[in-house]
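Okay, got some structures for you below.
Each of the two complexes below includes subunit A, the first together with subunit B, the second together with subunit C.
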Partner chain A sequence: MLALAVLAFLTPGPVRAEAPPLMKQSDCLACHQPDRKVVGPSFTDIAGRYGTADIPKLVQKVKQGGAGNWGALAMSPHPDLKDADLGAMIGWILTAHAPGANPAKGPDVIAGTKPGQEAPAYRNFPVIGSRVAIWIVAQLHLMFAAFVLAVPMFAFIIELIGYRTKDERYDHLAHEFTKLLSTSFSFTASLGVLLSFLLIFLYPKLMSYMTAIFGWTFLPYVLLFFAETVFLYSYYYGWGKFHPKVHLLLGLGLNITGMGILFIADSWLTFMNSPNGVTESGELVNRWAAVHNFTWMPINVHRIIANIAFGGSIAGAYAAFKFLDAKTDEERAHYDWMGYIGNFIAISGLLPLPFAGYWLGKEIYAYSQNMGMTLMGGAFSWLFIIQAVLIGTLFLAVNYYLWLGMERIEGAERFRKFIKYLLGGVTVCFLVWATPHSLVATVEESRKMGGAHHPALGVLGVMSAKNTAVNILILTTYVSFLLYRRGNKKATVPWAKTGDRIEFLIFASSAIFVIFLGVLGYFVEAKVRIRLSVPQVAAVLFAMISVTVIDIFMFRKAEITGEIRWGKIPRRAQYALFLIAITFTWIMGLMGYVRAGIRQHWHVYGVMRDESINAFTPTLGFAAKVVSVTVLLFFGFLAIIFWLTGLTTSADWKPRKDGQA
Partner chain B sequence: MNFWVVVPMVLALIGLRFLKPGILLWLAAWWGGCFIFLRFGILPPLPSSIIGLFMAILTAALALYGTADADKLSAIGKSLRAFLMERRFAPWLWGSLVVIPLLVGFNAYRQATSEAVAPATGRTIHPAPPSEITFRGKKIDILKASNPFRELEGKDKAAFAGHVAGGRAIYYKNCVFCHGDNMEGDGLYSHGLDPQPANFADPTTIAMLQESYLFWRIAKGGPGLPEESAPWASAMPAWEATLGEDEIWDVILFLYSFTGRKPRAQERAE
Partner chain C sequence: MKTALKLLLFTLLVTGFYTYIGQMVPQTEVHPPKTRELRADMTQDELIEAGQEIVGGKGTCLGCHTIGADKPGRFPDLGGVGARAGSRKPGLTDVEYLAESLYDPNAFIVEGYSPGMPQISKSPIGLTDPEILAVIAYLQSLGGEPSVTLQTHLKQARAPK
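Coming up: the complex of A and B.
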């Protein structure tokens, strides 16, 4: 229904005999319409009163203007028009609109539907415009696609863990994750079809160019899609029906085909950002180079990692939803555990993500310094402040979830006293991380500061401070996790005290090292400063890995002082899981806009200009609103998917006993 | 830092510790302390946008602290209940019923009586330069161009000093009126300008930019700013009408020499 209404809106009404060009150039049509009285009388009425013999009189009338013949409203004088032109125009009005002037006219045709006619470059989408329509649908499609790609990845890994450890729980969990898959898969496909239809309808010229460049990738894409469908449904419906190894192989096939689809789709959109393999005028020279353009691999890697983080967080939100809805302790225990695993997956994806993003940014700079500047220092840089706030929120929520998770561990109360220091660390880093370089200030305020940079705060706004803050954030979160892991364990090895001391030393020294390099960054050249981030990251990774190794050995034969009471987590922790999922989705929408938006008024950067009325860069506020609406829509769809997935386990319908239906 | 505010505040917080306050009072004290520090403790004062951002983060953090374990949460619940129900808190309760509306009313009064100001704007500090500009008919590649006199710094000290001196003369003839005697963006005319003239003494302005970027900004001024972050309100003139190519490079040398900053080096072309 909606689609029909939209189509009816899009198609223009019937057109009558064309007016001469002169008519369109002058201002006649502002007051006169063919069949309708507007300000002045309609052409039909005029032709009804006058005949061609009156033309000389009417020419003078139009030149002088005036009122009285048709009403009190005066017609403006038109002294600039030539008599001959006026004659021609009035002649057309009188003849084309005379009663019975168009006797045997064919049926009214809808403009632009002539076979073989060249397609227009653009069509417009009603109310919100083509750009926003494509924007929202593409983003929704992408979010679902990300989820559909991510779930098989960790379902496969969890199933593998279950197979190796012979722990049935993992197998059930993997199965539960895939339950979410089949509905989401259909949503992804439907949104993909909607996106293609919209693109073909709204942007015919761009699509014909893109098809010319990438037409040859369509067949493999479709074949992979068929293969993915077969793998997905055999993986899901075939759970427990095959030898575990065969089933795992199906899961692997699902992952490989999904990845292939992602890579092909990425080649299209990265080509639009950083076209390659074409001449300056955009003609294709090398097919493979167009696919393998500068940002293709960085986007592929960035998306795979981000998908894991995003998918984990959505799965965590599903578990939280089921937890809050659970009726029995058993259910609560199960979904508590599922939420914990989902969150764990999300964090594992989140931690390496900045490095992938860094690589992508670097490639964008290398491809076009202009684009890089627009991204990080120019019009789009404010979006990164929003991103920083959202990432800081993520870290807060993740730590909060871990601390609340300690409530389910007997004996973890002894770590509560550390929470305030961890929270202090996270908060200070968050504040630094979210400090903009140039502040939003009124004239008065900026005069007092002596410019857009605050003398004390400005130093927190640059890269050195940010890198330091995020590294310490990661380190602090890791400490929270470590405390959580130790919650119910007491090391029995004789060197436990020494081990603790060494771990503390490693943490302290890597934190000091990171901060030292951060401060050093202010005193060295930009070229050196950029490279300082590598040892910072290395120090954090070293600390995390070495401490993990020490901890594993230290707690090998640890005494278990209490049990983990799954399901005993407070309900407010589940809202933290929701917050994490929503924040992830929001960041994804925001960064998706940044990635596509930095092309600005280009369809294909530097090759094909966007010449439509939508070729402007939206204001940040508008962009943020569109992203937020998209996030809301996504969670609306997700609620439907959660409900549909829940149907598989709900009780069967039975006729009532008294015989009534 | 404004020590007249910060020191008493820290002392008050330390003093409060000895009174062993309930968790609720403690959170409120921290919240108030953070706000007072941000609003009055830092000099020059922070813009209200950043205070809002920081306080939002701090409020969230304090809320998480109060609910991060079961004991604290129940303590908060208990003190809230006591505050609302117990007789001994009645004066406080009534007091807050009076004080909070008064504070809100005062804030409304303050907002209504304050002078109208232009809305705060986020400023794009480093707009993306075009890859190439046309300077008096000559094409200059902004991404690759370098200061032709910079190499004299190591080779010919006297000639280099000559160029810096030339730049000094140009600066005091043309630039000083807005950018100021100390290049802090506070020249005589700066008080009439919004946005303020750039502050070159700030370590995050010219020290983070390549000399070719400065050349573009000086040559093309406010009118040459890119469309992407429009509308711009910069009053910087396009100096290509007045200054020659060498004169602009000279004045750039002087900017760095006077502030003691080093320009960002050109990245190696790949």
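Coming up: the complex of A and C.
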């Protein structure tokens, strides 16, 4: 009987055999544990000392209890237990815990965590996947960084204007812009850290290569970052506490360090687009050449200009929000003015932007014809139709805001009759620009049209027409601005009439020239056609610069016929400002996508392939959704920043009146 | 608070509009090129077919070149190139000329065009020697008589490792 019970437990299993039910009912476990000594010795220790032959002896021992074998503490006697039950229990203790009965099985480890083990090429981010995670965080980081770099640029210039003109309003405005900075700065840094963490975790192999190429730039980057922090906070908190010149110098330092950071970060991402200074297999030959690659400078310049436009528009959105929320006329007047300045900065950045973009595009082609064709010819070509809709909206909103702005200027009524023509011009240009080169049509439809091109509109969809439309759009916007500027002024110089005529002549002739070249583009071969955009751009630049110069001299001592009633602007003008900010942000998301997207299935173009499940290029519709999510997140963060900035204007902490502090 | 809500609604509307525009354009997903296995015992027709696939796919040739277009584009049309190739450059047979154009595209520029073609045997396109042979076979078939097989040796080809 006893032997049978013992035998039942002698069969060893790979895993420790289940304890007999009696074990749990008795009080053994109060003093004994399987693997460690508690009051009495562990089962493992017991099984180490005795064999199954000792079972009868041990049965008696448990029944009687006692001390001496393992230590001074006595085991209590267990006279109630039956011999057979005890034999089964002891049998289990000895067999299930015998040395070798349980092959050492460590805790369940998480794969890929062994020290010294080679890292996997990719890890996955849950639900949305690694690519989308990096995409959104990188874009958000970039948007905040753009804002943080842009604001010091115009805060510095506005402060300088205030210092030169002794007009305190400018100093206050510069300070208010800077107020938006400190919170944004922390957001930028936090997002940057998040981006780095994600990159290291999700793309270890790529990051290890990038570190090998650019590791030496990390220290200067961090040092510049420290310097920027010092400059930023001394500039912000030191307002009015230093000599204006010292303060301006701090602002300059802030701008220079910020720009240095941008240039270093740009070298990393432009290297991924147009690697340089490495052999065909990707090994580094020349550190500086890797930094100074084909698209580095064009991206630097393009980003600086775009940052100004973007930063201005966000500052404008802040002013719009404050205007709409304002309680007093005084506040409204202030924020109307701030919104106007923000918008002015945005336009100043917007007008030269296409030229910088053109240079970047040219460098991309020069670097790789293939990448150029991917950009302009493949699936991405439709992205530029989306872009056209966005920029068209932007120009419409900018013009609309200027026209509404004339309502706050006494005497500007006389220009109102021109607005409908300007609107007509902007609309026509917008439509031409947004006309696709080849239309999306079913086979049936294209047969009816006699090809993929629309019989009438099709001819408008090519580059010549688009370039022409954009150039005219820029000219029209400039005319809107000029009319706005003249709103309450009357030239007193004797040559005013002649000046007007010359300006008109310059506008008319440059417009005719631009349109002429646009039409000519249809009649010449491609090789000539692609060069026509240069004189078009030159004509527009010439017109804008020469007219500005004439206008400055003409209105230098102009008679002021009416005042600008700041704050007297329709509320819908503030929505136009907001529209400009949203549109800018969206364009930035879209262009950021194409900049990275043209690498297609490469991490580092032509050098390191994307072997992950995300190597494909998603549809534009998908990209549009990701961009929208990013834009909404950005505005969500922005709302927090606006709110926090609002807190700084409320009074500082004061002890409570009831004396409890 | 009311202002904030209005602006939120406005932001949602504008963003929604742009998302909608994004859905209105053609939706294509571009996948990394697939590499087709070239077997040594392929027939001439199979090789030409493989070449055609490479020209439209991995080679990305059709991003710039047309085949039999009525209007000249920015880069030479390839329609009938098989017939022209033998007489383009004195001293070069059609195979030699096509091989040179593929391995060293700027060695000879067709009159009226500007240089711009990348070296397709190198990254990022990175066609292998057999793949280039397939492309040559296909190009020969455009108006000419295909003679290239996978056994053909081109002097530009890299030494087999």
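Please note the rule applied: the second predicted complex is superposed on the first by the 546 of 661 C-alpha atoms of A that agree within 3 Å, B and C clash if a C-alpha of one lies under 4 Å from a C-alpha of the other, contacts with A are read in each partner's own complex, and residues count from 1 in each chain.
What we mean here is this: a residue touches a chain if its C-beta (ideal position, glycine included) is under 8 Å from a C-beta of that chain, and two chains touch if they have at least 3 such contacts.
Remember, it's a predicted structure, so these values are computed and weren't measured experimentally.
Novice: Should subunit B and subunit C be called a clash or a fit once both complexes are overlaid on subunit A?
Specialist: Taken together on subunit A, subunit C would clash with subunit B, as the superposition shows.
Novice: One more residue to check, A:Tyr400. First (subunit B), second (subunit C), both or neither?
Specialist: So A:Tyr400 only meets subunit B here.
Novice: Once chain A of both complexes is superposed, is A:Asn370 in touch with subunit B (first), subunit C (second), both, or neither?
Specialist: both
Novice: Now for A:Ile550: first (subunit B), second (subunit C), both, or neither, which partner does it touch?
Specialist: Touch status of A:Ile550: no partner.
Novice: Go through the superposed model and pick first if A:Lys625 touches only subunit B, second if only subunit C, both, or neither.
Specialist: In the superposition, A:Lys625 contacts subunit C only.
Novice: Quick one: classify A:Gln600 as touching subunit B (first), subunit C (second), both or neither.
Specialist: both
Novice: Go through the superposed model and pick first if A:Leu431 touches only subunit B, second if only subunit C, both, or neither.
Specialist: It touches subunit B, and subunit C stays clear.
Novice: Quick check on the superposed pair: does A:Gly392 touch subunit B, subunit C, both, or neither? Answer first, second, both or neither.
Specialist: first
Novice: Look at A:Glu525 in the shared chain and tell me whether it touches subunit B only, subunit C only, both, or neither; answer first, second, both or neither.
Specialist: Both partners.
Novice: So, does A:Met207 touch the first partner subunit B, the second partner subunit C, both, or neither?
Specialist: A:Met207 sits against neither subunit B nor subunit C.
Novice: Quick one: from 94-102, 112-120, 166-174 or 238-246, give me the piece of subunit B that collides with subunit C in the overlay.
Specialist: That would be 238-246, the one stretch with clashes.
Novice: Jot down the residues of subunit A that show up as touching in both complexes, subunit B in one and subunit C in the other.
Specialist: 369-370, 373-374, 377-379, 382, 389, 436, 440, 525-527, 600, 617, 620
Novice: Of all residues in subunit A, which touch subunit C in the complex?
Specialist: On the subunit A side, the touching residues are 280, 321, 324-325, 365, 368-370, 373-374, 377-379, 382-383, 385-386, 389-390, 436, 440, 525-527, 530, 575, 578-579, 582-583, 586, 600-602, 605-607, 609-610, 615-621, 623-625, 627-628, 631-632, 635, 639.
Novice: Under the stated contact criterion, what part of subunit C meets subunit A in this complex?
Specialist: 3-4, 6-8, 10-12, 14-16, 18-19, 21-23, 25-33, 60, 63-64, 72-74, 112-114, 116-118, 122-125
Novice: Okay, in this complex, where on subunit B does subunit A touch?
Specialist: 1, 42, 44-50, 53-54, 57-58, 60-61, 64-65, 67-71, 117-131, 143, 184-186, 191, 194-196, 198-199, 202-205, 208, 226, 228-229, 262, 264-265, 267, 270
Novice: Okay, in this complex, where on subunit A does subunit B touch?
Specialist: 366, 369-374, 377-379, 381-382, 389, 392-393, 396, 400, 403-404, 406-407, 413, 416, 419-420, 423, 426-427, 430-431, 434-459, 461-462, 522, 525-527, 570, 572, 600, 617, 620
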